[in-house]
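Same chain, two partners: chain A is paired with chain B first, then with chain C.
Let's look at the complex of A and B:
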């Protein structure tokens, strides 16, 4: 069962939900939690430091052999992003523009281009407990191809009972990549006009991807009528409502998990996981 | 000498465009023959790398200098590698006025 946790709006509590869900389910079954917010991963802060295993993520980029290159410019003509420029005496390469498609190598009639790896990020594995593995994708500062790092991180998924992908905010490429292959998507929102607005955007993404979804309302002040009305209209199940409470905020603010501190919350998060599973099976 | 002036339209009376890669037209001016040839910038609406695409266009057309409001870092690097000078023209003049500014020697080079 692969569950993505997304929201549209930032700061609604995606990571809080993902971490508590992963922790709660891991008490009984194997879980791998993926931090797919590769530009600012921070899920590991919820868990005591273990011995992280770091491996690098590279993309293949062109390397032009000046002895073979005839400066014909076919590679530059092919590249949609201007990553290669055929100057008068050499071909210039602008690495941050390269999307690693390999097309220039195919387009080169002189066979002057070979591909060479360029590191753009890392994947870190942390064994949190015998049942819980945390996999974190991290994009190097200044790099732009976060999608490649997300893909590399998600590639570590095995046959665990529960696989949880924590997405970045927004609705653009990194979120779409995070949702790829998910069986279900938990949309975390808050009872503000901003939360609702972005919930609608994120919901549209799940529709386009054909992924069934459910909503968790976080930091609820009890006045969530508009969110519930939206969910009713769209026929989206509301999986849980987490109240806006000082106690929860204090636990969360100290870097702890409400499910670790309070067995009642652990049970509630396990119930969210089970609801996702039955909704996925019902929808399929 | 071959000059290029990014512009909003195809005529010498059209305004220059202070953007480089996203200018809708590139006007090529030959100082020897005093002729202008307009080219539509096919990359103007591209997703990214339009400055580099524009630099490639200038390289392909044997341009010696471009008159522009400002050119971004990557494009400037590509232009320099191709020996193309960037001459700064501040203000909202027409292509004709920019050419005249160049001919009177009043344009500074972007470093």
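Let's look at the complex of A and C:
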């Protein structure tokens, strides 16, 4: 079962839910947890550092052979991203604009362009316990093609009982890429106008992708009527309500997990996982 | 005009709350820009009256004419974005995945592919009690957020270039929209909080801001939730030679102000007082 954890708004507790859920489920069954927030990956901060295995993520970018290039400018005319500019005496390449589509190579009539890899990020695997593997995608600082790193990280998914994808905030391409292939999406929200506004947007993305979803209300002060009303209207199940407690904030803030500290929380997160499974099976 | 972007790396540290407060406190002519285009929340605090609205056209998207398509599949194999898939015998472009590169059109032997304009969102030009606001709504699941950010900043500059301050509410993260947000700014104000996650994200957003040659200053929100990590953040700022602007205490009235959709500085509460001091100090430094 593949579960994505998303939210729209940042800082609602996606990573907290994903890490606690993975930890709790891994007590009984194999789990692979994917950190798909490649711009700001944090999940590794909640698990003891094991020997991480790092591999690089590269994209193919053009390499123009000046001996064969006739400076005709076809590559630059083709490039929709402005990554190639034909100057008087050579073709200039701006790597950060390149989306690695490969079109310039096809467009070049002189066969002067070949492709060469350029590293934009890494995928790190950490074996947290015999039942829990953490796979982290990390985009290099200053790079923009996070989607490629997400895809590379998710490519490591096998046939584990539980696969959990922790998404970045927002509702644009990185989130869409993270949701790809998920069976169910947990939407984490908080009961503020900001949280609700962005929950509605994230819910729209799950609808577009045809992925069933459920809501976890985090940092609740008990005044969650607006979220419950929204969920009732849209017929979205509320999977759990996690209260705001200074102690939870402290545990989380210092890099620990409430499910590790307190078996009652571990049981509650296992119940969330089971609820996702039965909702997916019920919807299928 | 001073261009100031409020950013954070990690989401939910209080960017929008602080931006709304600065919009309220600043007594110079100012224009606000909400660059968190996938989840724009500043409007919830500033209650804009929309003056103009227009569609945002992102990159064009490929479109396959099924009457000409021979289903050879060459385009699908060549697409590096996995955007062309077969559904019931017909190849079709999944617009949300299409980056608009045009490779499929270039290589289609049947000439069945064309590039079509696409609407990726909406742009709004509004007025608020505190000055004009340029904001946007990216269609859920759409691409081109970086382009949209560049576009709304350009609008603010051309229409409100005579203001003393362009105040930008930034997106989380360090990728495309963030880089587009801080390109060309004079200063970024990073809002962080005392948690291991926020500290880790602060380090990355500082690296990216520096590489774009903008001045970096830092404020710690909810600093008393973990005094030890707050100390580590202050130490990081000293070591990295960042301007440390101050600390805001955890204060339940911040949540109350958000609930009632107002800038927190409209009330006399501990968090508001801390923001007052921070902004007085910053404006002294900016002008």
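Details
Please note the rule applied: the second predicted complex is superposed on the first by the 284 of 284 C-alpha atoms of A that agree within 3 Å, B and C clash if a C-alpha of one lies under 4 Å from a C-alpha of the other, contacts with A are read in each partner's own complex, and residues count from 1 in each chain.
Basically, a residue touches a chain if its C-beta (ideal position, glycine included) is under 8 Å from a C-beta of that chain, and two chains touch if they have at least 3 such contacts.
On a predicted model such as this, the values are computed, not experimentally measured, just so you know.
In the superposition on chain A, A:255 makes contact with chain C only, while chain B stays out of contact range.
More residues of chain A are touched by C (comparison of chain B with chain C). Contact with chain B, but none with chain C, is seen for A:86 once the two complexes are overlaid on the shared chain.
When the two complexes are overlaid on their common chain A, residue A:65 makes contact with neither chain B nor chain C.
Shared-chain residue A:281: touches no atom of chain B or chain C. Contacts of A:267 after superposition: neither chain B nor chain C is touched.
In the superposition on chain A, contact of A:76 is made with chain B only, not with chain C. Put simply, chain A uses residues 80-81 to touch chain B in one complex and chain C in the other. On the side of chain A, the complex with chain B involves touching residues 73, 76, 79-83, 85-88, 90, 92, 94, 97.
On the side of chain B, the complex with chain A involves touching residues 43, 46-53, 55-56, 59-60, 74, 77-78, 81-83.
Those residues of chain A whose C-beta lies close enough to touch chain C in the complex are 8-12, 15, 37-40, 42, 45, 78, 80-81, 99-103, 106-107, 139, 141-144, 146, 168-176, 192-194, 197-198, 201-202, 204-205, 208-209, 221, 246, 249-250, 252-255. By the touch criterion given at the top, residues 8-13, 16, 36-39, 41, 44, 59-60, 78, 80-81, 96-97, 99-103, 106-107, 138, 140-143, 145-146, 171-179, 193-197, 200-201, 204-205, 207-208, 211, 225-226, 229, 255, 258-259, 261 of chain C touch chain A in their complex.
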